[in-house]
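Pasting the structures here.
Here subunit A shows up in two complexes: once beside subunit B, once beside subunit C.
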Partner chain A sequence: MSETVFYILSGFIIVFSVLTVTSRKILRAAVYLLFVLLGTCGFYFALEFNFLAAVQLTVYAGGIVVIIIFSIMLTSDLQDKLEAVQFRKIFFSLLAVLIGAAVCITTILNHSFPQVTDKVLDSSMRTIGLRLLSYNEGGFVLPFEVISILLLAAIVGSIIIAKKADSK
Partner chain B sequence: MNFNIYDFTDFVNSINVWLNTVFPPAAADIAGFVIIGICFLTFITLLGLSLVYIERKVCAFFQQRLGPMRVGFWGTAQTIADIIKLIFKEPLVSKGSDKFLFNLAAFIVIIAPFMAIAAVPFAKGLHVLDFDIGLFFITAVSSIGVTGILLAGWSSNNKYSLIGAMRSGAQIVSYELSVILSLLTIIILTGSLQLSVIVESQRDGWWIFKGNIPAVIAFFIFIIASTAESNRGPFDMAEAESELTAGFHTEYSGIKFAYFFLAEYINLFIIAAVGATVFFGGWMPLHIGNFEFFNNIMDFIPPIIWFFGKIAAIIFLIMWFKWTFPRLRIDQLLTLEWKYLLPINLVNLLLMALVALSGWHL
Partner chain C sequence: MESGVGIQHFMILSTLMFFIGVYGFLTRKNLITILLSVELILNSVNINFVAFNKFLYPENLGGHFFAMFVIAVAATEVSVAIAIIISLYRKLKMIDVENVNEMKY
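After this line comes the complex of A and B, so read on.
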């Protein structure tokens, strides 16, 4: 059952990833990207990392893709089409992709994955919450706070940029 | 088969056992999925039909009219006639529009509430998806819907649709924040996002009563913000008919228009269900502490009636808003969210943390 789900999701992700980079209409590419991200979210659910899956949904599907679509809506027209890619570019990018894929596949095939049976990772919401705010060993309170300050700075910065200049 | 209106756990288990005796394990799982799917489709259809009828009647009574009266007794078959008309209408596609995205948008809009409704606890044991991120899951899948609205507006090749979609996108993205923060206020008290645990934690009283003042403030913010998030009046600038014809779904007709309409009403149901579960105990009957006599009387009413009663009350409240207040302007709407609701919400969250730490809640 889980194997079937894995193959269905993988096929889904591969098809839409290819469509994302080959589509000549930019908003369609954004929508295909949304499907790729939803497929990834499906993987997390299949692995029972529910929290990560929901984060993937909110941050990527509900946040980043919406911002991408917003910016496309503000900058381009419905009839706009990207120009066809030159053959040379296709050839070289395909070459780069194939070399990258070959490196990855050989590494994965040569690596022996040891079977872990003794320790099941506890990924419940409660554990994640406690670990994020714990300052003991294995706690993540420092990075958590650093990231929140970074985000706050980013929010303030974006408001300053978006604000209209004072009418003096 | 032991059917018990107060606890569906045995009933659901016996169906599961029966499926496993009839089918091999893998097929039994799939058969279970199909049965759940059919149940939800039927439920959603009935829900859509009845909510449209209720909305028209409530609106009519607020305006001192009778509303639909001709089809069936007191117009009860009116929405069935409407849906038959919508099914037989031609699904038009406007010239120069992006046909693929135009058709896809209607589906994305309706998929989001379909996924969210699976996590709603209807009664004890009558709960499809009950995992430890329950409430987070509902807010996460609801956030997909806005993509559909933006796509619908953009692909229609119509300036009214585009303006409507932009407004509605800005509105949904900003009000989502307030909805989540107001729910978080109660999560401080429950200590869990799992919906069944949230319901169980209200066995000795609902959070709106137990949670002191911050819970009441959180409920008001939740109702305002979620009305705005679902694009309903008085926050329906996205489809302000006097200025934008119908906003992002101007170009849709026939069954695709019905999808947008249905999605709006399922969203209304989900908002009411989440509000009822978090603030009013979901299917939990009204209990007062250890007042056994009173609690036993209340327990006599089946949980499913409690649940739908609470939902009906909240939906009526939201409809009441819609037909009472005039529509806001888009800048007023965004000011309300960013300058009032969000700061109040953040302070309220701190206040609730203080209440929880000092043990002032019941």
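After this line comes the complex of A and C, so read on.
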């Protein structure tokens, strides 16, 4: 992927991330999050992970954002603005965040990553399917099954939690 | 890689995104906006996984699969969190974190 594409996409992502956490209209924050997820999907396409990009589009942008927007409509008045954050809170949060980011970025810049050039990435649909259901080395069948049980438990749990308490 | 974009570019981008999410997590009061910040954090971790897979271990797809599993965990987390938020809203008629200190049923 070329540098131009990288900088355009990362600028897009950073701008919309900042808008997501600072916007005072809650529905707009959700839509900005959708743009962040679409930018990430662009990265996956550029890095040749086509299947992952499709999953990102359908599950994240199609499913999660829609469910968040529904719950916003159920619980908030869309005309309302969120109350402004106190200056003290902004100051200390910003301090913590900047220190953390500075530590991480200096670590990343000082570490030399090994260059791998002789191997090629194979992310075709066939390889993904074989790896996902293989129990040999490099196979992922155990986490796949664990995730399926987790999804089932989450579905049942959220129905139980969100249903109206019965009136005895 | 034929061009100058390396793994460090991706890691710095995901660090920035992660800490923007942390900032939102610390400053927001509404539960749904806190959930949006958590989504930002999970998404930045996914970028990191994918970049590691692409640049350091291209011969196996570990980072790819873990990004997929993180997406699935994020979906379950959002569904349970929104169920909790909706049932809280039925009880309290508002969803600010200061008022949610009485979660006992």
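The working rule: the second predicted complex is superposed on the first by the 157 of 168 C-alpha atoms of A that agree within 3 Å, B and C clash if a C-alpha of one lies under 4 Å from a C-alpha of the other, contacts with A are read in each partner's own complex, and residues count from 1 in each chain.
By our rule, a contact is a pair of C-beta atoms (placed from the backbone, for glycine too) under 8 Å apart; a residue touches a chain by one contact, two chains touch by 3 or more.
Since the model is a prediction, treat every value here as computed from it, not as a measurement.
Overlay on subunit A: subunit B and subunit C fit together in the combined arrangement. After overlaying the two complexes on the shared chain, residue contacts for A:132 are found with subunit C alone; subunit B is out of touch.
Of the two partner chains, subunit C is the only one touched by A:157; subunit B is not. With both complexes placed on chain A, subunit A has more residues touched by C than by the other of subunit B and subunit C. Our summary of the superposed model lists a minimum C-alpha distance of 14 Å between subunit B and subunit C. Overlap of the subunit B and subunit C interfaces on subunit A: residues 1, 51, 55, 63, 72.
Contact residues on subunit A toward subunit B in their complex (touch as defined above): 1, 25, 27-28, 31, 34, 38, 50-51, 54-55, 57-58, 61-63, 65-66, 69-70, 72-73, 78-79, 124-126. Those residues of subunit A whose C-beta lies close enough to touch subunit C in the complex are 1-3, 6, 10, 13-14, 17-18, 20-22, 26, 29-30, 33, 36-37, 40, 43-44, 47-49, 51-52, 55-56, 59-60, 63-64, 67-68, 71-72, 74-76, 82-83, 85, 89-90, 93-94, 96-98, 100-101, 104-105, 108-109, 113-114, 116, 119-123, 127-128, 131-132, 138, 140, 143, 147, 150-151, 153-155, 157-159, 161-162, 164.
Against subunit A, the residues of subunit B that register as touching in their complex are 26, 29, 96-98, 100-101, 104, 131-133, 136-137, 139-141, 143-144, 146-147, 150-151, 153-155, 157, 162, 165-166, 169, 173, 176, 192-194.
Of all the residues in subunit C, the ones that touch subunit A in their complex are 3-13, 15-24, 26-30, 32-33, 35-37, 39-40, 43, 46-47, 50-51, 53-62, 64-65, 67-69, 71-80, 82-87, 89-90, 95.
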